[in-house]
């Protein structure tokens, strides 16, 4: 990985994650600088989604620490939230709001001054502008996913956390996603994404989560 | 993970204290019952029915004390994330609920001869009933989630929010004119009660307290063991037979 | 005899006093029994589980025994 | 601040467009109140004596039933986690959602109450106090209910569990609300009871959003 | 037939495991009934006169509250479409789900009712009739409510507020139920009213599952 | 496509689908015999999921007809339902039931006499047997999907309708799925599946749904 000069860093140090009283992974470290990307890989249930929620601040680590430019993330939760775009398994699309209304709400919450121009550009990029007045409930699976991804462009945030973002996308849309990610990185953004499919990100790091599975002793003592 | 929680030390401590509190409970109960049922005078107004006081009032105290314990433990659990605290809260609520029930029923049994009715919608009685519902809600919430830690957190928040009810119970008789007796023992200054009645009341109060401590210790031990059992179960369940990470290798639990 | 009977009649309040004490006793004893049973059951369960674990280990990692 | 407005605006729009909630709640309120003459018989005297109680109990239930879903939809479709990840304090979000909820349900309830009071033959002296107690009481109900709704997120059988948690906490509002109306009807001063209602609102205003936000954070884990 | 049993068994298991719906509904029932003395004041006389009405209105609400979700969970997690794709008539499925629902909520309600009747100082002469009306009335409530719940699912796609149709349908049950109890308390014959209740159950038994199944098919499109 | 002798056929004749008052596709025909498989392909929103729901009988065609061995499906809805296994976007997994209980319920509804042995075999095949007692709620995305797929093996049905079945599956599980489908076809089953990813089915037909999109004139007249 290359490192810029004026760049930020996002580091994890000895992270451990407990879900449902079970240790999912332990002793996980990584370091990410501006412009870099990280693939999370591993079989089903190895903790990719859990790690992404942890990085987003939705889950609290059972041990270890996340830091942004060396400062622990836990000290400034709202500041961290402002740095992040998270795309999870759920689409967060309101069935009765139109495509544009759905997107605009999120854009304004992230950046109140974000213009409608930005939302329009995001929808156009993901090929949804012609559907802007269609209510959310009439979208197909892939259209929903694209609307969800359009949030990434509707407001700026340096860190993108994407949980299997290519699910339900057709090939053309996967290409668009790859291009969008490349631009984000070119502008100094970071990307962490989990996937089982092939997504083409040049020079991305790879983190195999099954390697951080706890030894059974640790697992059985999760709590104690 | 939470190595500082150190339940091993707690288990040792609990095992050491428990015989003493249990013994004290027996002695105090014996003395309290003797003075309460035999060697104390009947009230000049209430007659022999005053003897209900020696179980009614201590159980009322204990009901509130158990809730306070629960709320305090929940606070510790939420702020410092000490997992033992959550277990203490979980262990306390059924005990508190049981004594709230005793207070309600003995109060009713006392009310019939004294006020001529089993129940009145008076502030103290009502707030005590609400306390009972709060206990029930706490227990229901604890068990309403698949993930026990999640249940503990939600119930903890409820316990803290419900704590506003405790001062209401305590001071309702002072704030509103009610049917129920105002404080005569626990009020500021000298208790306005005959020492011959105060002695058994105090003995029973102490006995209930040591009883609570004994039961609480036992329940917390039990909860710790339950966590261990679940942890082992989970590793067994999730270990994929044959995969490198899944085998049940390792030392037995301490 | 009569003194005992008058004692148990509680000045006419027997029907209120004794049930109060009886209920309190039942609740206290019940709490003890339930708690004690639970504790013993969990101890037994934990022991049973721990008995299984080392044996497995002995099979997969010989030589690193207890 | 503009974020708070944005949340209120979205929730209002959702509520109005889904057609259901506010209309549903008012309808529930009206129908349940109308049920009582069927249940109690049409004697004006009996109805009058029970009117304050029936109105308040029904308002309580209506508020509780509509609160059940306050966070659920956002929780289930993943909006809640995204809301938690915006640069806004979760407490503020809760306040925004409660405000929108009160505007769509509490307010219509207050508007409907005097009409129903007439139906129940309530003494006209009580009307002013009725409105006043509702104005002070319903926001407290919304706030306390929001806390309950947040606590039961992700629980099995949230709806009914919620009633178990919330109803006991509603009881004081009920007692003081009815007490104030009864006092007014009997020509006694209701000021002390109204102050108590106001005090409860003041207490719930910071406490409930805090507790709800804490519960939401737990729910998202 | 074994499929019907399988559905009932699954729904019972779900209800019990999910922290037992039945306990919750009974709790709601008890709590709401307890609210009334707060609202109406503790006078035994007033409580007695209102007891039948309060019990039935509350039972109605408890039933409605718990029915609301009857199909929703299955609809949202995709189970409903799979159920529609099993070699079983959808009507049968509805009957199975209603049966399970009644067993877990209607039955406990009936058990709790006499206890609450005592609390509300109801005249002991009314107890038998109270039980009888509940036994005849609660299955009707479950059936009609199931229809409403199915309609709500479909209503999400356009038609609004169809669920409001349900409450008016509940009103006859309420009137006849309360009427029968009042008659019994006053020593009048309640037989005619009980027969009417029975008749309504007989009518709902084939009609409601048919309507509910049709609504479910709509909802799945 | 090859055709067997004793085989059944599943045909669509001039199908049209209207969703939310919009025509999604028209004039769609296909013919499927035992042992054959059909890929549904096309960009997001082209109607793959809609077609699968149509084939399952959940949607009614706006025009045209489905037939099984020449007999219209609409004549015998329950008989048709019995022939079908449908795997959609939703997982239909009850959070409070264990993995085994979840599966067994569906198996018994389809075939009341289906033994537990079959459910066990299905779980083993998809690598879930060791999780059999875990409640559904605690499964990861891929584990849920595998449980959903295990229904296919827990009771027999000649027609499998799979809507993006490989979503969230890790690579090993995709291989298992391919093998399971191959066996099903070898025993004379049919498979229709939509996908954007690479799933390897030898000699499968391909239906490009975008080719059946209505011409703008038709679309405008859809309703009237």
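Labels for the chains are A, B, C, D, E and F, by order of writing; each one numbers its residues from 1.
Here, a contact is a pair of C-beta atoms (placed from the backbone, for glycine too) under 8 Å apart; a residue touches a chain by one contact, two chains touch by 3 or more.
Note that this is a predicted model, so its numbers are computed, not measured.
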Contact network partition after chain B is left out of the picture: A, D, E, F | C
| item | value |
| --- | --- |
| Chain hops separating chain F from chain C, counting only touching neighbours | 2 |
| Most remote chain, CA-based centroid, reference being chain C | F |
| Distance between chain centroids, defined by C-alpha means - chain B, chain C (Å) | 16 |
| Whole-Å separation of chain centres (CA-atom averages), chain A against chain F | 31 |
| Approximate Å spacing (C-alpha centroids) for the pair chain A, chain C | 51 |
| Multi-partner residues of chain B (at least 2 other chains) | 126, 133, 136, 140, 144, 146-147, 228, 232, 238-239, 247-251, 253 |
| Touching two or more other chains - residue numbers and ranges from chain E | 17-19, 24, 27, 31, 38, 41, 76 |
| Overlap residues in chain C, where contacts from two or more other chains coincide | 53 |
| Contact footprint of chain A on chain D as seen in their complex | 2-3, 6-7, 10, 13-14, 17-18, 76-79, 81-89, 220-221 |
| Chain C residues touching chain B - in the complex, by the definition given at the top | 10-13, 16-17, 19-21, 23-24, 27-28, 30-32, 35-36, 38-39, 42-43, 45-46, 49-50, 53-54, 56-57, 60-61, 66 |
| Partner chain B, residues of chain A touching it in the complex | 16, 18-23, 45, 62-63, 210, 213-217, 219-224 |
| In the complex, chain B residues that touch chain F | 146-147, 237-241 |
| Chain D residues within the chain B interface of the complex | 147, 151-152, 154-157, 161, 164-165, 167-169, 171-172, 175, 203, 207-208, 211, 214-215, 218-219, 221 |
